[in-house]
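Read the structure below first, then the notes.
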Amino acid sequence: MELQKVAFLFSFLILITVSSATSVVDFCVADFDYPVGPAGYPCKNPANLTVDDFVFSGLGVPGNTSNIFKLAATFAVDTTFPALNGLGLSMLRLDIGVGGVVPIHSHRVSELILVIDGPIIAGFISGDNIAYYKKLNKGDIMIFPQNLLHFQVNVGDKPALAFVSLNSASPGFQTTSPSLFGNDLPTNVIEKITLLDAVQVKKLKELFGGTN
Amino acid sequence: MELQKVAFLFSFLILITVSSATSVVDFCVADFDYPVGPAGYPCKNPANLTVDDFVFSGLGVPGNTSNIFKLAATFAVDTTFPALNGLGLSMLRLDIGVGGVVPIHSHRVSELILVIDGPIIAGFISGDNIAYYKKLNKGDIMIFPQNLLHFQVNVGDKPALAFVSLNSASPGFQTTSPSLFGNDLPTNVIEKITLLDAVQVKKLKELFGGTN
Amino acid sequence: MELQKVAFLFSFLILITVSSATSVVDFCVADFDYPVGPAGYPCKNPANLTVDDFVFSGLGVPGNTSNIFKLAATFAVDTTFPALNGLGLSMLRLDIGVGGVVPIHSHRVSELILVIDGPIIAGFISGDNIAYYKKLNKGDIMIFPQNLLHFQVNVGDKPALAFVSLNSASPGFQTTSPSLFGNDLPTNVIEKITLLDAVQVKKLKELFGGTN
Amino acid sequence: MELQKVAFLFSFLILITVSSATSVVDFCVADFDYPVGPAGYPCKNPANLTVDDFVFSGLGVPGNTSNIFKLAATFAVDTTFPALNGLGLSMLRLDIGVGGVVPIHSHRVSELILVIDGPIIAGFISGDNIAYYKKLNKGDIMIFPQNLLHFQVNVGDKPALAFVSLNSASPGFQTTSPSLFGNDLPTNVIEKITLLDAVQVKKLKELFGGTN
Amino acid sequence: MELQKVAFLFSFLILITVSSATSVVDFCVADFDYPVGPAGYPCKNPANLTVDDFVFSGLGVPGNTSNIFKLAATFAVDTTFPALNGLGLSMLRLDIGVGGVVPIHSHRVSELILVIDGPIIAGFISGDNIAYYKKLNKGDIMIFPQNLLHFQVNVGDKPALAFVSLNSASPGFQTTSPSLFGNDLPTNVIEKITLLDAVQVKKLKELFGGTN
Amino acid sequence: MELQKVAFLFSFLILITVSSATSVVDFCVADFDYPVGPAGYPCKNPANLTVDDFVFSGLGVPGNTSNIFKLAATFAVDTTFPALNGLGLSMLRLDIGVGGVVPIHSHRVSELILVIDGPIIAGFISGDNIAYYKKLNKGDIMIFPQNLLHFQVNVGDKPALAFVSLNSASPGFQTTSPSLFGNDLPTNVIEKITLLDAVQVKKLKELFGGTN
């Protein structure tokens, strides 16, 4: 009894001190009532959290691939799964229809792809312009280093499924073709900085909604 | 023709300068001929690499779960998949037999689990001793923040399969029970620092090969 | 006189520009009116600070060791000494009664212990389950690497005193036994993920206030 | 037509997902309505930004060098050019009159100087007290490592012009003489911690506006 | 005399201790006899260094712009100016002939451009595909955030000159057109992942020396 | 028996995989047979380490204060206590004779001082030249932010003792007076960049062994 009483006091002590020291930095579920900063969003009060804040079911459902790339990319990033904020990880589900692709793109951080249903051809291009690409099968993983352009192509005869992990809660995606052709950057500037022909540029501007 | 010649010169120029500037830091496939350092292993000469260095097929095969935890954890980390070195990502395949578990453990970095075949119960414990745990089904993901104790239990009637991503090529795993009972730390010390009974400590020391 | 006038103007210029550029990031005393974020708390306006914000006297007083571990851990961390916020350091005073211990625990960051009054036995356990432990005397220091389980035991015949430094203002403490037994994690789950006996688990749940 | 419709849907999809995932972390123009934190200021809503937020013209104009050091240092740092916030770069324009100097100082981060009009003598002092200094001419660059004391002196017969880049948006400048002599630190303390003579200390306190 | 003797002893003491503690980390001039690692090259012995190791004159000379982009980019990065290793800064000189461009490209780190002779049009594209571009004149600076595609175009009637600073000694450049068209990535794959026409792809492959 | 056998196999499995994944990065005791790099020294093979590698007794002994500053600073840094390498912590013992001082200095990282025997006056100077200083007594701690100039003065009538913790294994010390006066930096340059008088500069050059 004496022991229990002491234990109670002790656990209370521990609770106070340890909790005050670390409760909010064990994790930092994003509080969208404040603006984001260079290190992410401020944290919700941990007293208001439950285990449901740390679980995300949105990747369990296939996305709609009825689009030009036959691609559905479903995002578990800080803005859709706020528990990732500050913890340096995110995940995407990639459904790629027959003949579909993940168009060439880059992001600030590195990516690991895990192929659930393949085969796909995946590749990246290094800074000295070497293309590293290969057919990946079910269970294969491949690493795409930070910033480098990379892509995936479904080369099978059925829909492909893959999951990618990235080491940031906000990876900073940039897809090359929409970036070049989906805005008001003048055609003659695009010609000069890419060496593409004006006719080609205009054709893709029309496709991606660009002007000028 | 003039253009091609100029292009050749230009691409040569680009090749030299860009290559010299960045070839080894685009990626850093571990060279095990040198000792590791605080930031990882030195890099292999990129001239000797092919796409096969960036692909790992070891996670495609189920592991052997005939052990006390009915668990097979297959590691894609820097020492098994050297292309991960310096890129801040690793992945594990977890095969958990019926009634099996991933025993409680921690690591330096955060982890995202993706359930392929469930259900499993997964949980972690915060610094103020709250247990956050829940049944996860196929397609669910859950985040386990850095350093915090966590576990998974197969609660289904067939083998479970999951993949975990961690944001380091060398996450620094520490499994609690083998850590406590699998070495020569004296029983009376373990008693005092855990409040476990000596009989219990000795029983687990026998199980995990500990002495003293 | 001319010189003084110029100097005045210059010092004013310097004051303005240098001050505006750096005043708040020289240091960042935590402002608890805002939520914490992944990098710590926002900063108080430096105009309102005095030297007293940078000095903490709480570690000069022995803590109360009348508890089950005969331990008083007094914390100088961001929440108790707000000037530490953002500066990557914290300190704890450990008073350990005769026969007392710092129970086995871990934290996100590394720790240096300095023994003022000993002897104590201190140790940590590596990721491959090796126990590194030794008797430390007055003046000894020992390093405990990030995340790894570690402990201290007073093995002398008088109270022990030590100070520990950690390289974060918010180290993220997790003490193993209260983490396992001080919450509602079901006994049968704990059995499976630790291989402890149910009787032992229930006994410690009672001690640490756990349920289920 | 079908294609355009699909493209429209797709670009919309991309816009939503990519934008939500990354819009605020592509860049983080400082919002001064909130306090700064250890990682910088919170970010303005990117919807309110234009290209003008990312361009700064303040360095195009020579500063006024009519002061004791014959120096004008014009700052492009987070507080004057808010787009730098969180991006780890800043720049200063240095106009140094004939016979003028950048007085000895240090900052948290490293600096690269680019000489536009020289010659100047530039130097830094290492931790083992070696002085590395040299005359720099137009087009030369020199690196000054983080924290180390350094200086520049115009040794030509016309005004010198240089630009310095630093790898922080808030470098944390500290100029030695104003730091020592421009405040209320008592003369006898300064004597002891520098070994300067009291007469010298008082003379410079008068120059820099110090007291005591 | 006594004082001088004491001072001698003291300075000796300081020299030994401080030097041993910090000599190699004050700076880390790259030693190319060892392979690079994730954090850069190992350091040369500081005893063998002079001030000349910290100064680079290669940016003082205009480069040859007789190429397809009418561009000369001269690099001060770790491999050409080894003192930058580990210090997080690099600089490039950009000479852009009349009508010339810096083709669209990206890198791992952020960039500040300083225009010495203009005008140029400079721009970057955000993750949600907005193009931020503007005419920059002499003395203007502009920030290009990490990873985002960006470019510069000489829109004046004389050669343009600019210097760019980047916050890494090894920024990791990737130029889009040579990346896409200067290797063996098959034309039909490029078509699918960019939506460019095969005729256009083949034309640029010829220009950049690509095959397949 | 069956269980023990399984346990043996399992612990072997765990030993192999976990050990290979993390053994060298749990800690990284410096191997001085290789040059240091930007992140520290390469690691010794952990198989050759014992607990003695993690314990340092050099701070238990008072240093010799018979010098001009009446100061003995004993260093536990990477070069004297190699287990600190890569772990981001170091510690110094400061013995300060009656009337002695720690002369004004700075370092790359932040510092926490713990006063064991006082009183001392301790202070630092901010970037906008404010001096924050105060008398500290036994048990007080004070934080000195990264890079800022700071000092300690024994103002008691007996020797003072303090320990300082810094959040780097290699803090990068720079003491102002020896830096300015202990090398070959010409007197007339020092005059200009400090505004000290030539007579004063020459006097201190003599004291600290400087020339020119």
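Each chain gets a letter, A, B, C, D, E and F, in the order it is written, and its residues are counted from 1.
To be clear about the criterion, contacts are C-beta pairs under 8 Å (C-beta built on N, C-alpha and C of every residue); 3 or more make two chains touch, one makes a residue touch a chain.
These figures come from a predicted structure and were not determined experimentally.
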Legend entry - Most remote chain, CA-based centroid, reference being chain A: F
Inset, instruction - Starting from the Cα centroid of chain C, hunt down the chain whose centroid lies farthest away. - result: E
Inset, instruction - Find the geometric centre of each of chain C and chain F from their Cα atoms only, then give the gap between the two centres in Å, rounded to an integer. - result: 20
Legend entry - Distance from chain D to chain B - Cα centre to Cα centre, in angstrom: 41
Inset, instruction - With chain centres taken as the means of their Cα atoms, state the distance from chain A to chain C in Å. - result: 34
Legend entry - For chain D, residues contacting two or more additional chains: 14, 18, 21-22, 26, 34, 37-39, 68, 123, 127, 129, 133, 146, 148, 172-173, 178, 182, 207-208
Inset, instruction - Please give all chain pairs that are in touch with each other. - result: A-B, A-C, A-D, A-E, B-C, B-E, B-F, C-D, C-F, D-E, D-F, E-F
Legend entry - chain E residues within the chain A interface of the complex: 68, 101-104, 106-108, 121, 123, 125, 127, 129-131, 133, 146-149, 151, 153, 172-174, 176-180, 182-185, 189, 192-197, 200, 203-204, 207-208
Inset, instruction - Show which residues of chain E lie in contact with chain F when the two form their complex. - result: 3-4, 6-11, 13-14, 17-18, 20-22, 24-26, 28, 31, 34, 37-45, 85-86
Legend entry - Partner chain C, residues of chain F touching it in the complex: 14-15, 18-19, 21-23, 26-27, 46, 49-52, 54-57, 59-61, 76, 81, 83-84, 87-91, 109-112, 114, 116, 123-124, 126-129, 132-134, 136-143, 145-146, 148, 163, 165-167
Legend entry - chain A residues within the chain D interface of the complex: 34-39, 66-69, 73, 75, 77-80, 170-173, 175, 178, 182, 206-209
